Amino acid sequence: MQLRWVLLGAFPPLIALSALIQEPLLQAACWITGGVALYTAFYAKRAFAAYGLLYLLAVAGVALFVEGKSWIGIFAGWELVSVAAWGLIVQSRPSARAQTVAFLTFAVNRLGDAFWLAAAFSQGRFPEGFLIAGFVKGGLFPFTFWLIQAMYAPAPVSALLHSALLVTLGVYWMVRYPEWGLGIDWGLWGKVAGVSGILAAIGALGSRHPKVILAWTTAAHLAAALRLTAQPVQMEAYLLEHAYLKAALFLLIGLTQKVRVMGPLTMGLSLVAMVLLVGSGAQADEFLLVTEGLVAVSLGKVVGGLRFAWRMERGSEFLLLLPVVLLVGKALAEGPLMPVPVLSVGILVGALIARWKGGWRLDRIFLWLFAGAFWVWGKVGRSMRWLDTQLTHAFDKFGLAFLAVARQAEKVESWASGRGWRAAAHRLRQGLTTLTSEGSPMPYAQALRWGLLITLGGGLIWRLLR
Amino acid sequence: MAAFALNSLWLGPVLAGLVALFLPRRMLLGWLTLQGFAQALLWLYLCIEYRGLGPSYTLEWFRLGGQPVFYALGIHPANLLLVALTILIGHAALFYAFLYVARIRAFVALVYMTIGFAQGVFLAKDVLLFFVFYEASLVPAFLLIYGWGGLGRRAAAVKFALFTLGGSVLLLIGLLWAFVEGGQGGFWEGWRAEPLAWGPWWLMTLGLAVKLPLVPLHSWLGEAHVEADTAISMLLAGILLKLGGYGLLYWVWFQGYTLSLLVWGALSLGYAAAVATGQIDLKRMVAFTSIGHMALVAIGAGAGSPQGTEGAYYQLFTHGLISAGLFAWVGLIEKRYGSRSLRYLVGLLWANPRMQGATVLLFFGAIGVPGMALFISEMLIIWGTGEGAGWAWALAPAASLPLTGVYFLRAYRELAKPTEAIPGPQELLSLPAQEAVIWLLIGLSLLAGLYPKPFLALLAYVGA
Amino acid sequence: MWGLDQLWPELFLLGGAALALWKRSSVPLFVLLYGLSVAAQPVTASRLFVLSPEAKFFLLLVAISTALAWLVHPLPLTAAWASLLQVGAYGLLVRSTHLAFTWGLMESAALAGYFFVIAASESPQRWAAALRYFIWNVLGTGLLFLGLAVRLVEGHTLGGYPLAAGGPLADALLSWGWAVKVGFIPWHFWLIGVYRVLPLAWAAWYAVVPKGALLLNFLVLLPSLGEGVQPGFLYVLAGVSLLGGYAAAWRAQGLPEMLFWASFSQVGYMGLILAPGAQENGWNFWLVYGAASFLSFLYVERPWRGRLGDAVGLLLLSNLAGLPPVLGFWVKLALFESAFRYLGVWVKVFLIGAALLATIAGFAVYGRLLWRLWQAPPTEVVLGRRLLYAFGAGGLLVLGLGGLRGL
């Protein structure tokens, strides 16, 4: 129990530290982590020290990433947050599912890291590697599935990793290290991000658990932020805003789950959350709509946010309709945005299908794809293990073949020195007897001459052949 | 003094082993400690003396085909760390095994001989002398596997010996070929002046790749690791594999970019990862991890860039630390639970949270996460591959990132899975020495990962 | 002129033969005296003889091994005489430079060997073995004889040092006869029977001394046979011997049997040195192998077990297998080196390939031998033998530490 003080002790220094830090994301990380540490000290029931250490590890990862002096330090930070995520998920719940989820998180992130490294050494020829790694880390389509699965972790973990630290890095690198992105076809990747936003909207509408809905909106927000590569200042502001708000929301969800009995409080808190969320969405929209004219991502975000509010309010469906109408109207008023109604209808249809099929969501496909890939790899491993055993046996068989040859050699040898030899000697003796006896077909002297001739002839043939 | 230190680095352990044969049991532990300190001091002395190319000791030994063969020992950037690693892992294995191993004096003697000859391999500056030590180290290693371990240890030992000896015959032929016809300037310093010709290069590579090992020449390793006693597995992974790696890096693979090596290393890596994923036997899994990590050495060397070579050398060192730790860990589990099977050990960590720390650190050390030593060396290798061979090739070593993660975390998931049927320890052993060894190796791995600067400063000129 | 005055050491052999009538145990002493006195002679060359340093050293080793074999297993009178005759014949053979003389000495050694096998062995198979031995030797000498005849017909002389090269046919016949006498596989049948019936110490003697003498003789003849002689079929035989010997050794039942067969493979390594220029290394190889092989036979007959004893056995067998740092490794290294230097390309590929496989097979065979040794229950070994083993193994190790300088 005394270990609770570890977490409590981590809170003030982290907050204090943020005053000294210039780097905005790191500052945010200190703030959020400090707050989450404080929260966890009351929220969690055990493993306080582990929480504390892993929180610090995550902050260290962010610090390394944003302040790294060389690529290796930056990459170390990039990886450390995934390690911290793995640790936080694994130790947060004593169940097999936690293991699986953590495994999934870590494995998918490492896959992205491989691309990151390839990009880092391509001298600008493969900048998409950074983007792929960022998509993985940020939980953008088609890698959203790990983020959704990771919601299995308790609220503070989600608040920390899946809002502020881990996922934000996936897009934040464009603010911190814009030179990495040189040469990327942003038009194309912007469209991919748009798809991410739409799918996030569908996913959010198709989900029930508030945390999962929030995770979908995270993907949508990051996709939206990705659209802002041309305006790094806004992008940074947007990401930070998202991080703070999302962390707060996750913590709120945790609180509502803990204090479910306190209905009015829940209601009040969730209303606050809704207002914050819609506010953030609206604020972001200001420049989103103006600059890019791409509604898809913001739709995902807003729809997701409203779905969240709806779930929290249990039945205030009208809330869903109102902002959609407002948004569509606003969009129509500001410009020729024909895709908006189409997209809205599409999203709603997709969401209906998702609901109708009982939780069928697009991320599941990719989850299954990846899980299937891991499963196949496991099977490959099994068969390779078998193959390796066969290989080992093959080497043994090589030895056995040697033995078989040796056995044959032994047979020949024993024949030649035993039975065969005796037979030959017998025949020789018989032949000599015949040759020297009266009236033999070939006189002895003649036989000797033949022997000499054959030997000489053999020698000559040998010489000539060689 | 430097000459004394160099000679006694290899001769000392051999003689210490002979002395240990005749010491009374109660003095043995003291003798080990004394030896350990003495060797560490010698190494430290050489470390301090180390300037530029480093101290060396050269003596004309005899002449072969008109060329002198030297008894030449020297310490240089490429071997300084490996010499330290040998002292460390050797003594770690000895202390690990000290309390439980049977026929302790013979064991100590053989381990010391292995250490001594391995030091000779690292220190030799004449390729023929290298070969002599390389072969000599085989005999005590063979006897160790033969004498201590599981039921199938004898067959495993024979297989180990035949594979390695077969490899060394190839090595010898390649060596002579290069010497007689390849234009190599003798066995000594001139050896590395010219890149090897095609034929000798392949023969020597094949010969030493058995020991590294690269797939498909690895078939001895699984058996030897699984059957041998834990301490011997530590020696095998921590020292003996490094002999092959060092031999290849220093004496064969010193030319530039080699595509065949990259491809071979990548295939070996994928194969080892797949087999490790499919393993149920924990020790076998760790053994295949070694193959995967050693394949990275081949990739790093094949990339033909300074970073790649540096990373390959550093990988030898870092992998020595972590794999010895992993084997020690598996040995501990086997001692406590009487099994290494993942099927039986499901829920082990769930039931024994005390083992979590070491397990997680070792696993992540082998996965190569930031902060652990293997991370640095792997990054260097990937970097070097990107520099030397192009970024697309860098994906080959980078593939080890997810692959290694997959099989280690898969094993971890099994071990940490909450279950009803918790495996109970067969005997409630408290093995402080063993745990101390594990934590020492973890600590060093952390040190070399968190502050790799002194290590890398040593290796900085290796690839150049 | 004929160099007969250098033959005074042979008087020791005669004296030994005479004294054997009265006290047989004096035979080894006389053999040793013979060896020592040959070794003390200056290096000379005359019409019939050339006494090279290699020959001196070899004869000293022959004397020592004969004395040792005698100590391990004393012989009856007839066998003692036969062995003295053999020692004398081989002693002259390694010095002979005249082909006719060589031929005669080989024949007398074969005759003496026939009687030796019958007299020294107590096995019921000894008659058959001796007969087989004799007939194959007659075949060998017959081929040699034909070679001499062809040489004379072609107008070449039989004597002189260095010997002039003969015609291709003559050289081929001579090499054939020689190959039969050495016992390359598949012309080895006569030898294995002899090994089986003789007491082990003397079988070891047989595995080492005659082959060494023949090899040395051949190496004396070889440089003069010149570049023209490419004993191609000898290469084939050497390859077959290299692989066949170890293959059979792996399957062999008893420990000595394994060593017998392995000795055929060791003879096969001679194929690597049949090119002019490589004699010295080849000779070193045989010398070291012969000495170690003799010791190994003795060791296998009565293994000394225990911590030190096992180490000694390990050293002896590592020497045979060619593992450093024992001397056997260095001589094999030098052998390979000269093979690389002097053999033609395809011969190199074939022979070095075969030798490579054989070396790996040799590791397996000697490893198996060691394994069997360590499985067997320990036996009582007298101190003298222990000292002998330890001295031999230690010597090989110490010399090996000096590399090729140890020679």
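Note that the chains are named A, B and C in the order they appear, and that numbering of residues resets to 1 at the start of each chain.
Following the convention adopted for this analysis, a residue touches a chain if its C-beta (ideal position, glycine included) is under 8 Å from a C-beta of that chain, and two chains touch if they have at least 3 such contacts.
Worth saying up front: this structure is predicted, and the values here are computed from it rather than measured.
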The pair out of A-B and B-C sharing more C-beta contacts is A-B
Farthest from subunit C in C-alpha centre terms, which chain would that be? A
Let me have the rounded angstrom distance from the C-alpha centre of subunit A over to the C-alpha centre of subunit C, please. 69
Geometric centre distance via CA averages, subunit B-subunit A, whole Å: 31
CA centroid of subunit B to CA centroid of subunit C, Å: 43
For subunit A, which residues are shared contacts with two or more other chains? 399
For subunit B, which residues are shared contacts with two or more other chains? 162
Touching at least two other chains at once: which residues of subunit C meet that condition? 364
Going by the contact rule set out above, which residues of subunit C touch subunit A in the complex? 131-132, 143, 146, 168-169, 172-173, 176, 186, 189, 192-193, 230, 232-233, 244, 247-248, 250-252, 361, 364
Residue ranges of subunit C touching subunit B (in the complex, touch as defined): 307, 314, 318, 323-325, 329, 333-334, 336-338, 340-341, 352, 356, 359-360, 363-364, 367, 371, 402-406
Using the touch definition from the top, list the residues of subunit B that touch subunit C in their complex. 21, 61-65, 69, 106, 128, 131-132, 135-136, 138-139, 154, 158, 161-162, 165-166, 169-170, 172-173, 176-177, 179-181
Could you pull out which subunit A residues touch subunit C in their complex? 399, 402-403, 405-407, 409-410, 413, 416-417, 421, 425, 452, 455-456, 459-460, 462-463, 466
Contacts from subunit B onto subunit A in the complex sit at residues 159, 162, 216, 219, 222-223, 271, 273-279, 350, 360, 364, 369-371, 375-376, 379, 382-383, 385-387, 390-392, 394-395, 398-399, 401-402, 405-407, 409-410, 412-413, 416-418
